[in-house]
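Heads up, the next two complexes both have subunit A, just with different partners, subunit B and then subunit C.
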Partner chain A sequence: MIKILTACGAGINSSHQIKTAIEEEMRNRGYDVAVDAVVIKDITEEMLKEYDIFAPIAKPDFGFEIYIPIVEAGPILYRIPSMSEPVFDEMEQIIKSINK
Partner chain B sequence: MDIIIDFANKIFKPLIDLGAPPMMFIILAFLAMLMRVKPSKAIEGGLKLAIALTGMGAIIGILTGSFAPALQDFVKSTGIHLSITDVGWAPLATITWGSPFTLYFLLLLVILNIVLLIFKKTNTLDVDIFNVWHLAIVGLIVLYYSNNNLLLATLLVLLIGVMKFINADLMKPTFNDMLKMPSTNPTTTTHMNFMLNPLIMVFDKIIDKFFPFIDKYDFDATTLNKKIGFWGSKFAIGVYLGAFVGLLGQQSVKEIFTLAFTGGMCLELFSVIGTWFIGAVEPLSKGITDFMSKRLKGRTFNIGIDWPFVAARAEMWAVANILAPIMLIIALVLPGNKILPLGGIIAIGLTPALLIVTRGRVLRMVIIGTFMLPVFLWSGTIIAPFVTKTAKSVGAFPKGISDSVLITHSTLEGPVEKFLAVTIGKLGSEFRIQNLFFVIVFLAVYILLFAWYVKQMKRRNEGYKNTVKNKSSEKQIV
Partner chain C sequence: MKVIRELLNKELIFFENADNKEEILRKMGRKLLENGLVKEGFIESIVKREEKYPTGIDLSVVGEDLPNVAIPHSEPEYSNCKKLVVVKLEKDIKFNNMIDPSKELKVKYLFFILNNEKSNQTNILSHLMSFLTQESKMKGLENLKTKDEVYQYLISNK
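Up next, the complex of A and B:
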């Protein structure tokens, strides 16, 4: 199981759109993933350690290093398949390389 | 207009009599199917809206049930008249989506977007269907105050709608700059948040002119955010504001704990139910986006999404954290305010606009934000009767709670537009010269201020263009 973290302003709208899209697409591609959606300001260094991939809308500056792979998931929000495709492809590559 | 309303009433009457959750379940599922969404997905969406409305009602019931009596005691023991419960944005979004008029305003704005794109008056395709509620609530306020004058509501929604598209185009270079997006990135937003930009810019220019030295004292936002940690999270805020009400309301120790934990729980649950509700609108959003992008094939444009792509900037959170206690103090002393901040105390309806106008200068954001907070509190106070009544009419307000209990959202985006909606609504219900005069003056100031802002932003965007040019010529020289 690959654990992915996504985030947005209230942990309600954008992040849940990303969560639903990633879970659906990755499962269709045959990967076992679980995505959590939170408020971006509540993310701590410890919290990120619990996850395999971080998928924010755009890369944030937390004031600490992020040691897990980051996939910028913003294009998923455009709701246009040709634009979200590269995000999913990048994520698939990383999942393959994690090899869990 | 009357014919349309009559016709709508004939169709909707039996539906309306069912109550809002079943009615919206049927309408939303039907509309999604009309947009060629698969029936199973459409029904899933409709059901999620129905349970979200029911769920919001249940949590509002728990929150007001425990907070309303404590707030009454708070008023008695402190003499401070803060009796309105601040439920935050998620319940208001759900309530607004619980009205069939919201679907009408949605249709109107989709058509407006397509027309503006065709005539090249905007370069933004808005796919943020969910946030239509911010403009729909403005329309609903006009309807509420004008005894359902649909024409006035429609005109105001269209006017602000056009301005929001213009604003989305204007802000694009700033987004590119602040989020380091390449110019090929199409991200922008039409969010209501940023309709406060003109007013914020007035203050920003004053600082430019008279107090430019304050920028020297700017500080790093990330350090502050790290220090605040979990104390700024929803449940923590609910807990200590619950305790605050309990203490000042002179409740028993046991009751203070109950209030604290109830506050924390409700704020968390509002978010959880908010996510059901996003799922409810999702199939419709997908259907509308497919419909629009099919019809606009071959054109490149910017794409309007919800604002949190700017949430990557630490400054907006640092400022939201700093403004929270400031807002509590302002709320206690501000004449005309009746809200005790709770669900809306982290002012994400304000800080993104501060970020974009000041371009991330934290101290300016805090100072200007402090001046903006009263506008939000007053606006939240005047719309409270409307919010409460609408919540009741869409079945998101529990029965058996005293009529004097009011709910609102303390930092609802577009506070100026709420005043405008009330002023215009009052003209609709009572056509008097005095009311007409207010509306004309208000509209004139509102539009002129926006025009001034457009000019400033164009100048800013010229600057961006020149720096890009300089950079590329530097490269050539090298």
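Up next, the complex of A and C:
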């Protein structure tokens, strides 16, 4: 099971849409993933250690190092394949490299 | 579109002019506050959020020469309702790109998303996105001259 954390700024639940899209697409591609969606300001260094991949809308500046792979997932929000496919492909490559 | 029709009122379409994003956010914030659609604190919240988590959406990836948009919104606690507020700008204003905040975009339309529900069921964004990412829809919007035309166009679009 690959654990993925996504995050947005709160208000219109964009991270929840990213969560649903990633889960659906990665399962279709045959990967066992679990995605949690949180508010960016609630993320801590400790929390990130629990995950394999961080997939925020856009790369945030936390003031601490992020040691897990980051996939910028914002393009998924367009809900058009030309934007979302490259994100899913990048994620698939990382999942393969994690090889869990 | 059904969801957009439910979220939109005729009086929530505006044609406005401002010099920069903070000015238009404050101007619209005051109007929404006067109408009772948002609470005290909304203006500061929306201005701060736009700085930290920008909401500009680049539509050049959808089609050439399409106007860009921004979707300003605040935390649910500052909103009294679930509504969409549409602003057509007389002249473009620079916003930063939601998915690449270091980049600036010239924005012509603002779709303020007012949302007072914290639940995960809020999918206003996905309905809005399905409109914005159809080249013909955005081109059609560009041809409209009056607020009433914009309103009719947005609520009748399937």
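By definition in this document, the second predicted complex is superposed on the first by the 98 of 100 C-alpha atoms of A that agree within 3 Å, B and C clash if a C-alpha of one lies under 4 Å from a C-alpha of the other, contacts with A are read in each partner's own complex, and residues count from 1 in each chain.
The criterion applied here is as follows: a contact is a pair of C-beta atoms (placed from the backbone, for glycine too) under 8 Å apart; a residue touches a chain by one contact, two chains touch by 3 or more.
Keep in mind the model is a prediction, meaning the values are calculated, not measured.
Three-chain overlay on subunit A, with subunit B and subunit C in a clash. In the superposition on chain A, contact of A:Gln17 is made with both subunit B and subunit C. In the superposition on chain A, contact is made by A:Gly63 with subunit B only, not with subunit C. In the superposed pair of complexes, A:Thr44 makes contact with subunit B only, with no contact to subunit C.
Looking at the superposition, the partner that touches the larger set of subunit A residues, subunit B or subunit C, turns out to be B. Once chain A of one complex is fitted onto chain A of the other, the partner contacts of A:Cys8 extend to both subunit B and subunit C. Shared-chain residue A:Gly74: touches subunit B and subunit C both.
One listed stretch of subunit B collides with subunit C once both complexes sit on chain A; from 6-14, 294-302, 330-338 or 438-446, that stretch is 294-302.
Contacts of subunit A with subunit B, set against its contacts with subunit C after fitting on chain A, overlap at residues 8-14, 16-17, 40, 57-58, 74, 77-80. Subunit A makes touch with subunit C in their complex at residues 8-14, 16-17, 40, 57-58, 72, 74-75, 77-80, 82-83. Contact residues of subunit B toward subunit A in the complex are 89-90, 127, 130-131, 179, 181, 186-187, 220, 222-223, 225-226, 229-230, 232-234, 271, 274-275, 278-279, 282, 285-286, 289-290, 293, 303, 305-309, 311-314, 317, 320, 348, 352. Only residues 49, 52-53, 61-62, 71, 73-76, 97-101, 113, 115, 120, 122-126, 129-130, 133 of subunit C touch subunit A when the two sit together in their complex. On the subunit A side of its complex with subunit B, the touching residues are 7-17, 20, 37, 39-42, 44, 56-64, 74, 77-80.
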